[in-house]
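Take a look at the structures listed below.
Common to both upcoming complexes is chain A, partnered first by chain B, then by chain C.
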Partner chain A sequence: MHKHLRLIYFFVKTELASHTQYRLGMVTWIINGAIAPLLMMFIWLVVSGNAALTLSQSQIISYYIITLLIARITQCWSIEDVGKEIRRGNFSSRLIKPYHYIDEEWGSTLGKKIVRLIPLIPLLSVLALIFNRSLSYRTDSESILLFLLSLILGIFVRFYLSNLLAVFTFWLNEYHSLEFLHNSFMEIFSGHLLPLALMPVVLRTVAEVSPFRFFISFPAEIAIGLASPEAIVSGFGVGIIYILGFRILYNYLLTAALKKFTAYGQ
Partner chain B sequence: MRYLRLIICLMRYHFLRILEFRTEVVSWWIVNLMWPILALLSTNIIFGQVNSVAGWTKNEVLLVVCLQEIFIGVIWIFAIPSLIDFAKLIPKGDFDQLLLKPVNLRFLITFNKFEFDQYPRIFIMAYITSKILMGFGVVNMINIILGVVIFFIGVILFYNLYFIISTTTFWFTKLHNLEDFFADIMNFGRYPVYIFNNGLRFLLTYVIPAAFMSTFPAQAFLGRLNILYLILGIFVCVVSFIFSQWFWNFALKRYSSASS
Partner chain C sequence: MANNLRKYLKILGQLWIFSLLTSLEYRFQTIVRLFRMTFDTLVIFVFIYAFFSKAPVISGWTTDSILLNFGVFTALYSGLYVFLGNSFYDLAPKIRDGMLDGWLLKPADSQFLVSFNLMHPQNTIRTVIGFIIFLYALNRLPIYLDFLTWPLFIIQFISSFAICYSFLSIFATFSFWTYTNDLYALSDTTMFIARYPLDIFPKTFIHLFSIIPLIFVATIITRTLLGERDMLSFISPFLAVVFIIFSRQFFTFALKRYSSASS
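== the complex of A and B ==
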């Protein structure tokens, strides 16, 4: 365990050093992934002026602003990173290293999250200033603890799902379509663009049992007090089952893939 | 004529290149349809709650959404792939090779790459747009022509904007995630700019010209566009092109290669 943590820490530092070579270029990350949710926030605020929604205007604003933070924290790039390496034949160099490549992926992912959180601070600060009076989050210690735990749950669920999908590149020889399909389902079912509470019943039912919910919606609902205690407990239970299931499936498929894997030119 | 032949040659080269990976192209065609489906789905969900948003009915908003999707498809044919490729050349040190070519450099950077993934998206959304327009009644050819002109004014405006942003690579050296940055900016045009307050509406009309992307073309198709916006659009097109060219020359004079 200690060895894994040291490896992960090393790769976090490597990733930070790599990304901060060109610090000015990080300016593009200020709005990365933020425009679409904020646009939807404006739309729903206009709609709420004409219709009785299940969320108040304060909850809508609080929801969309916290999702900007949650989306950055749970984001994962493994489908592209690992898929690209498999596709280009570079993956073999990962296999001969004296550690499992998943440790490197953990370090790389955590490093990228840290780098992308820094440019988000100015945007969140501006939004907090503008919507100061409308923000309402649960600030008791219990809710904060549950929120942090749900973020960790979301990080793990997304990480293992992304790495599981990346393994399919061994058979498909292609990762872009996997990534796009993942992102498409995520946009619908994670609550990134539409809060689950505002979805039609059918979509909401599917979203509530899907793993994508843990990427954004589950932590956001805890933060703004939408989730009941029963929903929180069942949510954590389902999330842990997803983590274990994805990890078991990932181990099985990776073993099967490596049995038939060949690479050229490296 | 020479440059037109070059464009055709480059398009043919990239088309032949993608024919080598036919399965990948077809999978991209399918995948690129997911985003318009998402946009139409979320619009339908919104209009499950209300009959209008900021005075725009469901079909009018769907028209804006479809035009935005067509816009994304069109600008992804050459502008964005070429500019993203250009932004990658400078940190790699490969930009110097382009400087030596006997072709206008801006032309080469703009038409360097063509993507053919977006054609199904464009055709399907154009079909849906035509169905929506026919649902509004008699189609006026003058309005159609006006809408198409305003639409391509938007394409040129966004091309100039993206070109200016890509030119900053000379100073920033590496612009992270440029592809997502361009896509984020285009999200502004997903819904009519009239849902925003006056300040944001001004920003999205005169600074980031998202209104020219889909709102103004939609208004033109519906015969509701103030002709002043057409004149404004042409004026801003010319001014932005001149400014982008000046900025490009300014940046080139200060460029020093890291390696050749």
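== the complex of A and C ==
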């Protein structure tokens, strides 16, 4: 365990060093990622000024601002990173190293999250100042603990799903299609653009059983007090099942893939 | 001039065939991409319906007129991306890797080649969906028709095409200094704001979206069809010319400062 943590820490530092050379990119990534949710927030505020919605204006603002933070914390790049390595024939160099490549992925993912959180803090501070009268989050210790646990759950669900999808590159010889599918479903069912409470019934039903809701919606609902105690308990249960299921499937498929893997490329 | 036009149309055709063959190399990826485009567009259609059906009128815009705006934007922007594809996204990696030189040395205009070397023929499906939504909404709305409506609509549509291209080209050109496509990605994301009629936003945003010319992308065009004309309705062709000239000058300026990584 100690060895794994040391490895992860090493790759976090490497990733930080690698990404801080593109400082403009650090800022534009955050602005880029904030445009769509903030646009949705403004549209819902406009609509709520003309019609009664199931969420109040305060809940809408609180939801979209917290999703900016949650989206960055749970984000994962493994489909592209691992898929690219397999596609280019560089993956074999990962296999001969004296550790499982997943430790490197953990370190790389955590490092990238930290890089993106640094410029996000000023943006969130500005938004908190502008909207401070409208923000309403659950600040009791129990809710904060549940929120942090739901974030950890979201990180693990997304990480194992991304790495599971990346493994399919061994058979498909490309990863873009998997990334497209993952991102398409994630945009809709994670609650990133549309809170589940405001979705049409059919979409909401699908979103509630999908793993994507743990990426953003589940932690956000806990933070603003939308989730009932029963929903929180069942949510954690389903999330843990997803983590175990993805991990088992990932181990099985990776073993099968490595049996037939032949490196090619430069 | 006619010879030049024929030459560039021929090159465009060749680049189109090349892009089509490249995309068909990975058929599964192409099928998934087509699925994604259709799925994404239809879901946004459902979202818009979900948003705006809760209130019959927002700042003078009904659900059907908002859908008309969305149809105009989707047809226009997707149509542009049929030709632009990944060309601008690929500019920064080409600059970093020294691969841009191969395109600059060819006997054709550099900005033309940089803009259209990696087309996305698959975006045609999104363009078609955009037109279908446009026709669906048009059918449900009382469209204002006089002798000026359709000529003005066509002029504005073409101008909007030129404005969008120039806006994206300007931000892509920053790659010569930044070596990344982050600013271009930001400009691309910003354009999606024009999916919604910009009049529904607060006045400050409307002024901002007139300076960043988002209001000319789809909102003004939709207003023309709905019979709402003002000074802005007649500005877009002039704005298009200004933007084209500026993007051209800026690209030429960037090329003069460019020193190849490979030589």
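Everything below uses one rule, namely that the second predicted complex is superposed on the first by the 260 of 266 C-alpha atoms of A that agree within 3 Å, B and C clash if a C-alpha of one lies under 4 Å from a C-alpha of the other, contacts with A are read in each partner's own complex, and residues count from 1 in each chain.
Assume a contact is a pair of C-beta atoms (placed from the backbone, for glycine too) under 8 Å apart; a residue touches a chain by one contact, two chains touch by 3 or more.
Predicted, not measured: the structure shown is a model, and the values here were computed from it.
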item	value
Joint occupancy of chain A by chain B and chain C, clash or fit	clash
Which of chain B and chain C A:L196 touches, first, second, both or neither	neither
Contacts of A:N32 with chain B and chain C, given as first, second, both or neither	both
Partner chain(s) touched by A:H19 [first = chain B, second = chain C, both, neither]	first
Touching partner for A:L120 - first (chain B), second (chain C), both, neither	neither
Touching partner for A:E174 - first (chain B), second (chain C), both, neither	both
First, second, both or neither for A:A51, with chain B first and chain C second	both
Doubly contacted chain A residues - partners chain C and chain B	22, 24-25, 28-29, 31-32, 35-36, 39, 42-44, 46-47, 50-51, 53, 174, 176-177, 180-181, 184, 187-188, 193-194, 198-200, 203
Contacting residues of chain B [partner chain A, same complex]	23-24, 27-28, 30-32, 34-35, 38, 41-42, 45-46, 48-50, 52-54, 91, 171-178, 180-181, 184-185, 187-188, 190-191, 195-196
Residue ranges of chain C in contact with chain A within the complex	26, 28-29, 31-33, 35-36, 39-40, 43, 46-47, 50-52, 54-55, 57-59, 178, 180, 182-183, 185-186, 189-190, 192-193, 196, 200-201, 205
Complex contact set, residues of chain A against chain B	19, 21-22, 24-29, 31-36, 39-40, 42-44, 46-47, 50-51, 53, 174, 176-177, 180-181, 184, 187-188, 193-194, 198-200, 203
Complex contact set, residues of chain A against chain C	22, 24-25, 28-29, 31-32, 35-36, 39, 42-44, 46-47, 50-51, 53, 172-174, 176-178, 180-181, 183-184, 187-188, 193-194, 198-200, 203
